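Below, chain A partners chain B and then partners chain C, in two separate complexes.
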Partner chain A sequence: MAIYDVHVTIENKPGISDPEGDTILNDLVLKGTQKTVSKIKTAKMLKFTIKEKDKKTAQSKVQEICDELRIYNPMVSKVTIDVFDS
Partner chain B sequence: MSLESQELSDLKSKIGREPTSTELQIVAAEWSEHCSYKSSKKHLKMLPMTGPLVIKEKGYDSGVLDVGDGYVVTAHIESHNHPSAVEPYGGAATGVGGVIRDILSAGTRPIAIFDGLRFGNIEKDQQARWLFKNAVTGIADYGNCLGIPTIGGEVEFDECYQNYALVDVAAVGFGKKENLIKNHAKKGDLVILLGGSTGRDGIGGSQFASDSLESEDRSAVQIPDPFIEKLIIEAILEARNEKLIHAMKDLGGGGLSCAISETADALDIGIEMDVEKVHTRESDMHPDEIMVSESQERMLIVTSKIKLKKLQIICKKFHIGCSVIGHVKFDNYMHIKKGKKTFANLPTDVVANATLLDLPSKKPVYLDTIEKEKKLKPITDYSKLMMKFLASPNIASKIWVYGQYDHEVGIRTVTKPGRDASVLRLDNGKFLSAKIDGNPKHCYINPREGAIGCFEEACRNVVCTGAKPIGMLDHLQFGSPKDPEIFWTFLESLKGLTDFAKFFKIPCVGGKVSLYNETPAGPIKPTPVIGVLGLIDKKPSIPQKISDNDCLVIIGDTKDELGGSEYFEYVHKFIGGKCPVVNFEDSKKNMFSVLKVINDSLVKSAHDCSKGGLAVAVSEMCMTNQIGCKVSLEKVPGEKLSVDRILFSESHSRYLLALERKNLKKLESILKKNNVSFKEIGEFGGYRIQFTNSAKSIIDLRVDKAQKTWLNSLRDLVLHG
Partner chain C sequence: MKVGVVVFPGSNCDRDMYHVLSDVFDLDAQYYWHEKGLPKNIDAVVLPGGFSYGDRLRAGVIAAHSPIIKDVQKMAKQGIPILGVCNGFQILVEAGLLPGVLLKNESLNFMCEWTNLIVENNTTPFTNQFKLHDKIPIPIANGEGRYYVDDDTLKELKKKNQIVFRYSEVVNGSTDRIAGVCNEDGNVVGMMPHPERAVESEINPIDNKPSSLIFESLLTKTGVHN
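Then we have the complex of A and B:
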């Protein structure tokens, strides 16, 4: 058994609007001198620390938890799960 | 795509050629049930829609009522059932946004929101709890951000909504009569799209709402943005004050297709537009997608070339997008182009007027036997039963829900949620009372009488605040109209509502029909939801604190009508029996007598008797006033019934009045003169809720304990399962 850090990134699916990201872009970043930025997307990240036998199990376990507890709505959100050695 | 082969050949013969793909998309969106009302429109005409206070103008999305002194009230009801069933937070929130824009499009400021929510069995079903919790949060987040109070509604749970959600949102607007938008257009006027950008979200939403909900077909999700909505409200109202708007329509189901064709048809004009001018979220959108996208927070405005500059300055000030997408012409065609290339060119009357259907109807077989009662298990301990009842999701206080809503912002709210109906102060010194009510359990057993009952209940609630009903909104929610048995229940409900509205001369000022509400387990129960608006000319009846020795008077007869009651369905798990029937004459007498005694300031508070019957209504009065009451059941007027039936029958036209003993004589003489059935059945005082039958104790509860259970059980159920 080893300890892993699992990062779950939840963001709106492509094509679905992201008012928060748009606001940060238009009303904050582009208001300054930065003109090279063209898009900002917001996301929520959950950082799990989990003890599992390997990376793959750590990832599937976290995925299972998020699905079961409805931490995101698969209709709206895209979820990316990254596993790191702790 | 949900154009049927018959409709396709209809379209071809009407335009005399093959339609293009864009034309097909436009027509499919506009001819969907959601936009065209093709199954229901023929029949909806039976409702009375005119009255001395009703103001009618072409192209209004909301009902307008004249409340005197140069002011008007607008009202509308909408649902967002299909989107909420897949994404409760966004679905419920965008539902609020949609109905608010309907109010705005008449040129009035939205001043209140109501919501009616229905879900599956939250005691057993985790999905129902998730839907409930998120829909409530969605409404709260959206309404609270806008600074519009959510002041009322209802919440109900029933097995028939398993894996589904009914989210009904009603809104009320207020403004000066002279500021109403008189929809009109001149040749050469410009067509402007204002608000959020057009994206791929919610593509095909209206068709989606017109098909049954299949588990895998869940794609039309919309993301709410209340801050843009708020900016749109302020920008539009400023433009209205500057007289910059010739005509206006909100973009809802069917997106641009629907807004362009309906505006053109209503104003008898043609519109030429260029999809390249629409401000989009993504650069690679196809004209078909732009035409049917249901992106939220957008308005269509017609204005003149001269006024455009001023409108653009207002939009710039509020940081909202504003694109000139086309112009008005006089050939009655909607001409959709991309640059120079034509993608669609259709006569607007063809697009905006789908072929109306005359669907067959047939009385459902189940109704033949539904009134037969089964033998019920005798109740041994009524006090214990009553505590369980007060904790049940349908009876328990909904404070967990309305406590999340800002119901006072705007400082118009005189009577807050949690009472019979909420009351708003208007600028002309009058008050507006409003309530929405539904009862699918009654409507399932008897679609006609159930619907009338919802209407009467909403009237009763409004009357309890001292208001005279002046208008109604109907929201008719049923399963697939292609099933003749379901369509029969739709027609019966509609006929019932029409009869009641005509008898009481309450015009229908707005409404919505939502069909194809089907879950994997089958159609929902018939769920008409009725909103009633009442007007108070002088001062509203604000409930006063009930104190010791005040008397309790009941108006109206208690009858053997327990079909669809909470007692049968929650306690005995039995669906059936005879549902309550409204006697129109009695209803009128009782209603006017209650208004009279309220206006004469004879009562401290009035409360209607509905879900859960007399037992629950008396307990609610005790719990909100934190005072006990001793009720003698043998005194309750009506048929001779067993104790449980007196306690829990949900007969209509009943009111409970609390008053000081010194006013009793006067009250009695008025009620006698009006030939109303009534009786003093109890006295307030102490700290116990007690029901006795000929001196035998039936129910005996401590008020504080009952109140704690009643107030907290719904929250505990949602948060802790």
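Then we have the complex of A and C:
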């Protein structure tokens, strides 16, 4: 068994408006000197620490938790799960 | 007639609701803590507004896993009238008892203001005393009140007459100006505005009668009035 850090990023699906990201882009970033940015999306990240036999199991276990407990709402959000050695 | 008011950690409209049910409409209201079950002889259940679990993770999602929700789900299947107001609506949605989701308001602001609702379905236990398209002046108080469904679900809601209330004008960016919906059977209703803050003339500067009909409808449904 090994300990893994699992990062769960929850963000809106394409097509679901993200007014916070739009405001950061339009009213902060594009009002500064940087003009090359075209999109900013906000997201929420949860960092899990989990003990499992391998990376793959750690990933599937966290995915299972996210699905079962509705950590994200599948109607409007998607999750990306990244596993790192602790 | 017994009405259960479910209390979660962070509920803050439970006492207003209890007061309205018992003092204004003379119902036998009881509080039920979310870790306990609901008795079998209950006639209706209300999930009040507030900030259960401080809206952590997402409004309503943690409360939707509370032990009492299993009983609420059972009662929903039995056809018992269930009303979710504001955070109660968010909890019903997260518990899968109502379709859709409630997102942050388009403005990202906490909105606390008077709005007007239009009754779109007058066959539920909470709207049967209204005429279709009646107007209800009523306050909202929420940060995550923007009702969202995708196009396919919206079509289904229309087909099955599940849109109960719409705002009379665009308030927060909700899909199709939806302010309240019901389940397919019509006995579970969720709404973002606060009827318990609008039924008494002392605190309603516009007209308290329309909001009162939400509770009068429940009295009629359960046979207290004819």
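What we mean here is this: the second predicted complex is superposed on the first by the 86 of 86 C-alpha atoms of A that agree within 3 Å, B and C clash if a C-alpha of one lies under 4 Å from a C-alpha of the other, contacts with A are read in each partner's own complex, and residues count from 1 in each chain.
In this section, contacts are C-beta pairs under 8 Å (C-beta built on N, C-alpha and C of every residue); 3 or more make two chains touch, one makes a residue touch a chain.
Remember, predicted model here, so these are calculated numbers, not experimental data.
Participant: Would you check which partner chain A:I71 touches, where first means chain B only, second means chain C only, and both and neither mean what they say?
Facilitator: second
Participant: Looking at the overlay, does A:Q63 come into contact with chain B only (first), chain C only (second), both, or neither?
Facilitator: Neither: A:Q63 stays clear of chain B and chain C.
Participant: Just chain B (first), just chain C (second), both, or neither: which does A:I16 touch?
Facilitator: both
Participant: Could you tell me which stretches of chain A are touched by chain B in one complex and by chain C in the other?
Facilitator: 16-17, 19, 23, 70, 73, 75-76
Participant: Quick check: in the complex, which residue numbers of chain A touch chain C?
Facilitator: Interface residues on the chain A side: 16-17, 19-20, 23, 69-71, 73, 75-76.
Participant: Please output the residues of chain B touching chain A within their complex, sorted ascending.
Facilitator: 86-87, 89-90, 130, 196-197, 199-201, 218, 221, 223, 225, 227-228, 281-282, 295, 319
Participant: Along chain A, where are the residues that touch chain B in the complex?
Facilitator: 12, 15-19, 23, 26-27, 70, 73, 75-76
Participant: Spell out the part of chain C that touches chain A in their complex, as residue ranges.
Facilitator: 57-58, 61, 64-65, 94, 100-101, 103-104, 106-108, 148-150, 153, 173
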